[in-house]
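After this come two complexes, each holding subunit A, first together with subunit B and then together with subunit C.
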Partner chain A sequence: MTDPNPPAHADRTAWVLVSPWVLILGLFWVYPFLYALALAFAQFDVFSGQWHWVGVANFAAVLVNSEFWRAVGHTVIFTAGTVPVTTALAILLALALNRRLWGRAIFRAGFFAPTLTATVVTALVFLHLYAQGGYLYRLAELAGIPVPERGFLLSEKTALAAVMVMDIWVSVGYYTLLFLAGLQTIPAELVDDALMHGASGWQRFWAITWPYLRPTLLYALVINLIKSFQVFTEMFVMTRGGPLGATTTAVYHVYSAGFERFDLGYASAAAFVLFALIAIVTVIQFRFFAFGRGAEE
Partner chain B sequence: MRRRRRSRADRITSLALLVVLLGVLFPFIWMIVGSISPRWDAGWFNPLTEKPSWSNYADLFGVMPFGRYLFNSAVVAAVVTLGNVLLCFPVGYALARRRFRGRGLLYGAAALVLMVPQYVLIVPLFALIHGLGWYDTLWAITIPLLVHPLGVLLVKGAVSTVPIEVEEAARLDGAGPWRIVYRIVMPICRPTLAVLAVQVFWLTWNAFLFPFILTGDRARTLPVALAMFRGYQGVDRPHLFAAATLATLPVIVVFLFFQRQIISGLTAGAVKR
Partner chain C sequence: MERTTSRGGILPKLRLFVPVALALIPLCLTLSCGRGGQEVTSEGRLVVHFWQFWTEPRVKAVITKAIEEWESVNPLYKVEITDLTWSDGHQKIVAAFAGDRVPDLLELGSDWIAEFAARGALMDMSAECEQWHDSLAGWPPAIYDNSCWALPWYLSTRVLYFNQDIAKLTQGGNPRPPMTWDELLQQTRDATTEKPRLWGIGINAAEPHVLYKKFVPFLWSAGGDILTEDQSVCALETEAGRRSLQFLVDLSRGQLVEKQAALDEAFINGKLLFDLSGDWLYEKLKRSGSNVAYSAFMMPFPAPDQGTRTSFAGGEYLAIPRRAKQPVAAVSLARHLLSEKNIFNLCLATGCATPVHINVARNAYFADDSIRSVFIRQMGQARTSPANPHWVEIEAALEWGVEQALYGKLSVDDALAATCEKINAILSKKEDEKR
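== the complex of A and B ==
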């Protein structure tokens, strides 16, 4: 980190410079965070404003709640189903778009369009595409795939998968962009050199492209995993967690505990347990990739 | 010879990509066609036999307070974007250039806040906004987002690359600290600020969770209104799709104008530079 020597007299004005950020950070981020932490250890009555300290009882309630674990399970299925597919498709698309193609700019903008659009908008459009008689529904019928009677989102068996397919559709463009940026860091001389020595496509990919893609891959996996663990808006717009809880993910569980049942202590504790789960998985990812890279270099 | 083979492969790739792209864009095409459909139950109509009904767009303002939602979204996105550019700058500058007590703490806080998921804060933020009497006002969804930690970190990086001599020369000419920050250093960092501005605009315009929790009907933004459409009588599919199209348009326009900034904003951090 470059840090040019600052002038010595600057101390006082520095605090004036940072004061707006300190105010907003303190009031709207740090204070709510501490408040959330306090809530997790209390029973708070919304109507009377009474606090009852209950220690770790909320956490215990979360950990023994089968509904919570079912929601975590849905979140894990969602993540395990979407992240690898999205990543693989994005790498393939990025490799294709990195060639000198006709209309490359149009392709980039077009594939990126779903990412630009508000989640609420895409969720609404897919809500209608998945409905009975919607285009995706009819397409599946034509293809001879057995379709649920009332549309994909109203069937317990297909609802989660339907949301996952939409999520892949939304995110592929963004990760394609990341991988394209990664591909652009490859020095052209390396590729020319490999071509001159008659390296095949596969050889070039494994010897040159792959090592340069690895940092981007780690970033993409970490970001995508954190985002997938927090999936909420899609469920809120398309299924409200249903049918029969089939699409209730962890954040939806937190939301409904807090804003539908007003059990704020429980909601807060569940939020922190989920936060901890995300942190653990992220650390594992970093370890896993750090080892791999160390062995290679 | 190698060249000819490559170009044929490229043509096949192009063709395949075109097919995939049409599939990717289909939901948008359907949304737009559906928004001018003359029949309330139709998502698709035959433009050869039926006339498109542009009045669906005008009708929106009658069946729900659409004008207010549009206004709310526009004000919030504009104020939050402008606020982030103007307020993140002095903070990022101070973190990059000044040594003061609490600097390390602030820097750490910026990085930490980025890691805390939004949903952890929804319950207490809701309580706080209620306590301030800001529930269902535009204050609730602008003020907390005025200085995004992402902006602070972006600016800090950009200021670090500005040669210190520029500032020293300005100081010798008698410029005060505010003048140096806003008039000398800030213009040099314009590309970074453009990246920050389009990124913040995009995030704010599309945001759902915070506006959803913190507003009722009055201060509702477009995405929240769209998610709530079931509450309005007379909002059928063509109207809904017209509203969805209008909610998408500004982002597409901004993207077409600021492609490069958006892309570098979204990929910042992904690639080691």
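== the complex of A and C ==
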């Protein structure tokens, strides 16, 4: 039985053991967080290091800035377009790869490979594929699919969608792996039982597979949503927020304000507004998608 | 239950050790574990920090060798080279100044010098510049507020590359490069075909820091400018501004609109009649083994006997931060890097066609080469962006306006008016902040 009142030296030992992590947490998470929070209420001159407190002026500037909200709009479109498609594709692929197929290991590795490749490398490859006269562009032309006058990434109408397609291609392998792991937790006896009782494939999916996949689904949705709200590297490498600001997402907007214009106060305030938005959406997600949790408990 | 406290063992020592160690880390970092704030190597040599952008192994090797030579005659010093990239180098430099971890010698893009000088981040190098004045070219970006803040190290301009194979298809046996804007427009349209897929010209779009460089040559050639002479107001809303932007819009219609790397690739693959590009393309063409028959020409005139053949000139400069710990060594190292021999070697490695050193530019290697000589002539009629401390923001506004016109979002007049509104807002906001 565990002693409810451990001796003091045990406490101290525990503190010594966790102190490296506490130190790292303090130095690299808590301190920057508090520093950024302070910056959000100030104008900061990076060269002289001078602070000038401005109260909530930076937050007000963010909230009335149409470019910030346009960037948030692009982020929402990006998230709404990538998260459901990635999730649905990943579930389908996981179900397929969970069967005893010939070459299953090769397919699993193949789908996962894009996840292992650095985003920058993938983005550079897609830059070539999407270019006017690039392979995808020519393929679409040959297939009679209407193509933009300029390359996919240089057309205002297609640039964001092109980046979304790349993101789905990159991400789907990772989520497939997650769902595959979820599927592995289903007891074989349950499936055998259902088969013996003549349950159809669809019935087996709803009655057995789906309930077991729900925790993985919630995790996948939350993680993917947060990642999508923070999308940046793709835009930085492929479009720099263009053309005409069509791929400027919220984080790119923050980056641009902070590291191109060096308006660190505004950038910090925008980052905190984005943080609040992500927190709200995540809470909503938990409320809506943690369905049936009580019953399971 | 009363808890017992242990007074012996390792914990009390740890309690003392941890804060002391933590306090020593920043102290050591601040003082760089050296003497008098100077960083010293384990062999007792003073460290000189040099931040630069050349990462390509062939070029880096040339720079490293030059530095080793300098170290051999200055055994008191050891140079630490830090590589930067153009995509985030500016941010890293600003962050370094903000954190007071500045290098001793620093390579800067031509359009950043005024910004850093205005912020008091650079050492005034007027006396050194005076000594180099007649030996080096490319001074305008280094001058701000009547002082000189950096030494030119590397210069580059853009010329019009011309694919003679495509030209023969449309012009017959003896193709002629365009002398005027009208001829350029006509030739690009004549050369654009669906089958085989060929384009007359490649135009940049949606590429920050690059797009404006393809507009300003036309603006300057037509006699226009971005800012007024005293740099207090936007000067784009003129007949020259309208004419040049309209020309760029007309030129882009039906053409290959892409990023510079893709345009250069298309030229190397024989898909473009014209490519407005720099000396890097000449180097790429030679190394790629491309069988495209090409030549290079200076920018065309706006019309017969009208305007100039101005192109954009960019450059890289050597500056010394005001708070550098080894300014004397930094000046000495800069002098060494700017020697004729080292400038020549740098140009050999980079493929540079316009050496910054005037004596090197006269070398037969440059003067007798048909393409390099075009670059040297074009450099004589090239201009740099204005040395303005707010150029980074002004550049973004300018590119925004050009993009609006190229994508047909705004008419040429409206795009110029909106751009000027943005630029004037930047200039007046900065004036207010100064007050």
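In this section, the second predicted complex is superposed on the first by the 274 of 297 C-alpha atoms of A that agree within 3 Å, B and C clash if a C-alpha of one lies under 4 Å from a C-alpha of the other, contacts with A are read in each partner's own complex, and residues count from 1 in each chain.
Here is the rule we use: a residue touches a chain if its C-beta (ideal position, glycine included) is under 8 Å from a C-beta of that chain, and two chains touch if they have at least 3 such contacts.
Owing to the predicted nature of the structure, the values given are computational and were not obtained by experimental measurement.
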Touched partner set for A:156, first subunit B, second subunit C, both or neither: second
Subunit A residues touched - subunit C or subunit B, whichever exceeds: B
Partner chain in contact with A:185 - subunit B first, subunit C second, else both or neither: first
Partner chain in contact with A:132 - subunit B first, subunit C second, else both or neither: second
Which of subunit B and subunit C A:239 touches, first, second, both or neither: second
First (subunit B), second (subunit C), both or neither touched by A:174: first
Which superposed partner A:287 touches (first subunit B, second subunit C, both, neither): neither
First, second, both or neither for A:268, with subunit B first and subunit C second: first
First (subunit B), second (subunit C), both or neither touched by A:52: neither
On subunit A, the residue positions that both subunit B and subunit C contact, one per complex: 5, 7, 128, 236, 259
Residue ranges of subunit B in contact with subunit A within the complex: 9-11, 13-14, 16-18, 21, 24-28, 30-31, 34, 43-44, 87-88, 90-91, 93-101, 103, 106, 109, 113, 116-128, 143-144, 146-147, 149, 152, 160-161, 164, 171, 177, 181, 202, 205-206, 208-209, 212-213, 222-224, 226-227, 229, 237, 240-241, 244, 247-248, 251-252, 255-256, 259, 262-263, 266-267, 269-272
Residue ranges of subunit C in contact with subunit A within the complex: 1, 3-6, 11, 14, 18, 87-88, 91, 94-95, 97-98, 119-121, 197, 205-208, 256-259, 262, 266, 271, 392-393, 396, 403-404, 407, 409
Footprint of subunit C on subunit A - complex, ascending: 5, 7-9, 12, 16, 19, 46-49, 127-128, 131-133, 149-151, 154, 156, 236, 239-240, 242-244, 259-262
Contacting residues of subunit A [partner subunit B, same complex]: 1-7, 10-11, 13-15, 17-18, 20-22, 24-25, 27-33, 35-36, 39, 93, 96-97, 99-103, 106-107, 109-114, 116-126, 128-129, 134-135, 169, 173-174, 177-178, 181-182, 184-185, 215-216, 219-220, 226, 230, 232-233, 236-237, 251, 254-255, 258-259, 264, 267-268, 271-272, 274-275, 278
